[in-house]
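Structures are listed in the sections that come next.
Each of the next two complexes has subunit A plus one other chain: subunit B in the first, subunit C in the second.
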Partner chain A sequence: MRRQNRLGMGIGMGMALVALAFDPALAFAQEAAGAVREYGNFPWLGARGAIWIAAEVHLMFAAFVLGVPIFGVVAEAIGIWSKDERYDRLAKEFIRLLVIAYSATAIWGAVLTFFLITLYPRFWAHLSAVFEVSMWVYVGLFFLESFTLYLYYYGWDHWKTGRAKLGHLWLGILLNVWGTIVMFIADSWLSYMMSPPTAVTPDTAPETVRLWSAIANATWMPINIHRIIANVVFGGSVVAAYAAYRFLAARTQEERAHYDWMGYVGNFVAISALIILPFAGYYLGREVYEYNEPMGITMMGGFMSWLWIIQAFLIGVLFLAGNYYLWVGMERIPGAERFQPYTKWLLLVLVTGVIVWATPHTMIASREELEAMGGSHHPFLGVLGVMSAKNTAVNLMILTTFLSYLMYRRANKRPVVAWARTGSMVQAAIFLAAAAVVLFYGIYGYYVTAIVRIGFSVYQVLAVLTTIISVMILDMLVLRGAESRGEIRWGQMPVRSQYALFVLVVTFTWLMGLMGFARSGIRQHWHIWEVMRDTSPWAATPALGYAAQMISACVLIFLGLIAFVFWLGGLIEKPALLPKATPAPAASPVPATMPAD
Partner chain B sequence: MRELLKHPFWQAVIIVVGSFVLFEFGVAYLPPLLGMKSAPVPNSVLLQYMLTVLVGLLVYVSDNEQRWRRFKEPLHAVLVDPGKRALRMVLLVAVPLLVGFVTYDQLRPSVEAPLGLRSIHPAPPGQITFRGKTIVLARLENPLRADGSIAEDYQVGKRVYYQNCLPCHGDPLNGRGHYAHGFNPAPLDFTDNGTIPQLTESFVFWRVAKGGPGLPKEGTPWNSAMPAWEEFLTEEEIWSVIIFLYEQTGWTPRTWEEAAEGAEE
Partner chain C sequence: MWATNLKIVGLVVTTVLLYTLVANMIPQLESEVPGELTFSGQVTTEQLVAAGEELYQGAGGCTACHGLGTRAPDLLTDEAGQGNVAARCDRRVQGLACKEYLYQSMTEPNAYVVSGYQPIMPDMRRTLSAAQIWSVIAYLQSLGGEVTVTGEDIAKTEQAQGGAPGAQTPPAGAATASLDPLELLRSNQCLVCHKLGTEGGVIGPDLTAVGRRADAEYLRRAILEPNADTASGYAAVAGTMPVNFGQQLTAAQLEVLVRYLVGRK
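Our next item is the complex of A and B:
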């Protein structure tokens, strides 16, 4: 009976095979089954939601692990040449956070890759066919970067003195080199999606695309530059937030002093890099326009233009929080009292700047309001909605922030050089001249054609950059050998100032998510601009509300995980700076009866 | 009174009230006194301005320890001072009532169409088909300007405008024609420097030729009532009316950059 069944099955299968061989419809079905599946699905979130979160959180971690080594190595170098142990300790603490964050970056990178393979197989097939060689190089560099990082961190105490220390510093530099190349390679993949070489068409076989032309596409280098600077900003703000967290949890005055100083350094690095970031952004925007004008219009004047209003408001928050931190910090600097009466005027410039910068050209208005205005443009405030006003506002805000920093820097110093007064007057004159140039071109911009006006932003930027560089050089010369009005009382910082550092990191992270959406969203319904169309159910560009929810989810995931990293960082190693017996001051959040450590 | 003005809490109150009065009434009524056009600030923008002022104020009152302490004094007194019990009770009732009213006001049913984000510069396609003819928009100039017959083209454009565009865009080209009040979004005000001077003539040609139906899918719903004029006007008539728009308003069209356009607006 069993044998009969087997025979029956065998005959059945044989007939099926014969039918397959002769039935063209069945043969076609087989061929179709062998073809590449175009899209996968992901439960609840959908394919796009899943890839969005994976890519964004990976990018946030990557920005952190690329930004931190840059100033980790700079801090180590300062420590070596200034022989100030604090910098070395600071650098090591940064890198300790890096070791933990590095594996999180790799995990999210793997999640992103698997999601791409399973959810977007057609797109992945194209990308890997074009970039396969660079993907192998990427993996190789990843190994090099990992082991350089391990050597750099675990060898810190081993190679601590003499020439070995210099060798150790070189390891740090090498770590940055590998990391930067890794980022450049990954940037080439995503910038290819935005701006593939014009010779590549939907009919081009991906294997025939020349690798270098795909890598060196129109937006590759602007994105590389923008990301390097942004990574420093982001890394600085995350480290400052870490310091704020440790400051709030500190149990001794010395610990509080150390984390107050660390928070200051992190914030200083973040704000310094932030000041030059808009210029890199302009360069990227300009290249987008040069590559494809409709894409540029979609980004700046079309349906993505609302993102820039949100961005302006968020950057306004960054400027306000950064300056606030400096002004509050001046209270712990002897001699800073003489500058405090001026901060309210700086604040007035900043608030006015935010108001101007965030004024939309096309306003959200009810029917009655639209009728009263005679359209979507306000007849009076409309002048604030164009780039002449916005460029002027942002450049004046940058100058104001630089002035805040200068006051902070000078607070406890008394110049001794004979020409100190003249030097200060020259500095003031440079400031005034720069502000006048910025204002002049801002106002003159309304009286010339658009094409001339665009060029004015270059003059405004040059005026600000020249001021920053020349005033800084002058300041260093004026303060050479300056007397101290008293030491900075590190640690005597009000608790509320630390929340400004948290505001900074949340805002930076949200901004990254927002601008990432802008950069990616301007491709609209294309996986690869005008080469591979997105034919999935998720091809429509999402509404702002949905995008805001996704960005917020990514920010929460990242900050949740980074908080875990901070906590782990505290578990791994207790910094050697902690003395055993220093009691907590009365204002400390820790009860006096609690042991010091 | 002078002491009151020096107190950070009352300074903050004065600044909040002063800013509100400035944004709500000052912007609408002061510029006309100087001969400038203005209108009330839309609520969405007013909210944005007031939020910025509030954040700025919070920075101001708390960036100095002494000022921060003084700022909190009246708040602290209202919350715990036995002599301020009556005021405390009034606030305990008034604040939740105010929040409740604002919530009710936001949520109550209204016949008003919901507010929507609109983008004013839709991205143009690289090329369009005009009555079967392919026209590449990138770097396209108004062909009539090369003829040197601007005066004639102006007259043709003027006739076309008054025959077709006047009912919506109005006699002074300010977007307030007879039918304008029936449309949302309102017809474009060509006298506004935020409209046609920001655009190349090829962009304007695309908009006139394809109208509302030709707007890109992205950024929908556009709700534009602008007809697709290619069905009623010739290519030359559209270019002529564009010349009329610029000549009549005195604006200069946006030009193409030598290498490529790098506009931000």
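Our next item is the complex of A and C:
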């Protein structure tokens, strides 16, 4: 209890720091300071480096504390409706960690705010003049969110049954609502920097900018949507990594079984959300082009064009590691042997897809480089670097990953419905049809103009989404009342699979840093695009090599701190893995795959 | 457990280092801030070319489109078998010498658009000074032809910009007696830069649903005094819209046009 009181004090101090950051007196003071100087300096790192680390680490913690409540409340709901207490324990275990991570988020938020005030006073004066009301609302919601979190966590065992449990679930939903609104408000500030409304010019007095028009700028909603999905991905991958660590540290079979299962659920959530994330990214990219075409060109074809090759490499790692985890996991499922011969072919498709996706084309190059290549791309391999090939590759990779999951899901089941064979054949036909549609438009895209070709990606995406939905529905019907070929041997997962979960969380975190650099970097030497120019010594947008070093530093700081949070969480309370009344997961008559069932 | 901890830390650090290494292996491109450029009257060709190359490859942002084959003509190597820009610049527009054509391309990019490309090039006067523009031209000429740019060109341009603002306003489109708003938009070349539905360019703000964000008063001013307000996101092309629509359109035509645009919601 004393530990919890100290924890509460820490959180209170963190919140107080953030509240102080928004103190009107301080705002007034920095405004006065802004009249005499535009930029501060930070030793060794410089102002930009300091802000970069503070903003990125804050954002990583923020993604964690926004993603995990979504994960937690869904797990709690599944636990209520399925009456499987493992989900309830899973949710509680993570909300406990959330309480600690929340204070870390607030502390990094305060660091960021103070750095903005002291290092970029002119910019901060503009931003606070435009958004002051939303900043007050933000602080108010921050309090609501904090106290809802306390009620949600500390009331977990108190409101455990009956209607009280539903009320408790409602608190979890409310926590997500507050968190989402807080994120939307913060997103409005950063998206305003990218795409200020048309009425705002360098001569506009910031006090005269209408608040709602500043909030509802062109990239606000695309960023909101992208971040919600990305937070779920991130939350799931951190949960999976936590479970992997606990699995490796487990001393009993019971613990191993629990954390093996938790790792599977976390990975399932992360990969499922990852599959739809590219569509949200596509929406954001389209809005950037709509808002300002030169900005879009800078992003995709300008000095940032190489960034997307790195992104393809990272996403390739994610797909490979996610599939590898599923394939290794099939070793502990009776009946999965019949699918294992196919995995090498799935691997072949994935590796080919990654190679195609990472093929450079029309990158910025010097005269010497262009001459050495004989043009803007490689004479033979360049044909794979265009969007037709890349869209085809990524859609086939998504279909392949879905097929891996389907094999995992069906591994230990024997259908009993009379039309099972027909159903499976229909599923196979849908898969083949989708692959044919994707390939057809991929090849046809080479023979049409760019504007027509862009439209083809919609058909490819629709074919893949339709397949995922229809095949999943069919699968649920085919497997209705299916016989078991044997229970999943939770806990008997090869150790190497757990390292794949660590690779996933590191890659997700690094990718988040990279995409943050892309979003922020396309403003180039503007604090606020074409409204406020960056005149500091750090105005140039750095090359990817330097950015990668900054991103890596942020990733290591975040992962180090989150490891500390996990360790701290273990000190607070040892989770009671299984109540004596319920059987161990290894012997539990729970279907082979939980979340989708 | 220490061994496991070390393995995990090793894996995490190795993965992070691998990503950092890969990102450092690719070409390193920095987005520079266009800096000030001042030349004395005795500036040499070498100085101009060197400054122009630095701008072209860096802060000028030229490489985002040129040389990639799809967005804009390849200036550095070969464009459709015609060689680089230095080999063809004096043949593009009759009566314009190479440096004059290149200057026109950078300051009035819609005056001549190479066949097969969209008019997406901004007026470079918005981001580059006269000295910078002439330096880039000198660099482009140096790719194969004779460099004819001199300090005198810079001085003349600076003098013209200082002495006669708006002197380089692009010519307006043909006048018409029609009161059909669509015909007016087309005949006055509005759709060269503005998009209307599926028709038109993307240089200026999209007019498809302009009535949602602008009222009649704003639109009237935008037509008559296009430099009074610059739509956010279009600062790079500000100043390119002709300022003579007040003389070009009759009062009735102006009102027809304004009413039509207000109704686009």
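Please note the rule applied: the second predicted complex is superposed on the first by the 529 of 597 C-alpha atoms of A that agree within 3 Å, B and C clash if a C-alpha of one lies under 4 Å from a C-alpha of the other, contacts with A are read in each partner's own complex, and residues count from 1 in each chain.
The working rule: a contact is a pair of C-beta atoms (placed from the backbone, for glycine too) under 8 Å apart; a residue touches a chain by one contact, two chains touch by 3 or more.
Because the structure is predicted, anything quoted here is derived from the model rather than measured.
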item: When subunit B and subunit C are modelled together on subunit A, clash or fit; value: clash
item: Which superposed partner A:Ile297 touches (first subunit B, second subunit C, both, neither); value: both
item: Contacts of A:Pro379 with subunit B and subunit C, given as first, second, both or neither; value: first
item: Subunit B versus subunit C as contact partner of A:Val531, first or second or both or neither; value: second
item: First (subunit B), second (subunit C), both or neither touched by A:Glu369; value: both
item: First (subunit B), second (subunit C), both or neither touched by A:Leu544; value: both
item: Subunit B versus subunit C as contact partner of A:Tyr324, first or second or both or neither; value: first
item: Which superposed partner A:Phe313 touches (first subunit B, second subunit C, both, neither); value: both
item: Overlapping segment of subunit B (options 7-15, 43-51 or 169-177) - the one that collides with subunit C in the superposed model; value: 169-177
item: Common ground on subunit A, meaning residues reached by subunit C in one complex and by subunit B in the other; value: 293-295, 297-298, 301-303, 306, 313, 362-367, 369-371, 375-377, 450, 524, 541, 544
item: Subunit C partner contacts - residues on subunit A that touch it in the complex; value: 195-201, 245, 248-249, 291-295, 297-298, 301-303, 306, 309-310, 313-314, 362-367, 369-371, 375-377, 450, 499, 502-503, 506-507, 510, 521, 524-525, 529-531, 534, 539-545, 547-549, 551-552, 555-556, 559
item: Touch list for subunit C against partner subunit A, complex; value: 1, 4, 7-8, 11-13, 15-17, 19-20, 22-24, 26-33, 57, 61, 63-65, 67-71, 74, 76-77, 120, 122, 143, 202, 205, 213, 229-236
item: Complex contacts: residues of subunit A adjacent to subunit B; value: 282, 285-286, 289-290, 293-298, 300-306, 313, 316-317, 320, 323-324, 327-328, 331, 340, 343-344, 347-348, 350-351, 354-355, 358-367, 369-383, 385-387, 446, 449-451, 454, 457, 494, 496, 524, 541, 544
item: Of all residues in subunit B, those that touch subunit A in their complex; value: 27, 31, 36-45, 48-49, 52-53, 55-56, 59-60, 62-65, 68, 112-113, 115-126, 138, 174-176, 181, 184-189, 192-195, 197-198, 218-219, 252, 254-257, 259-265
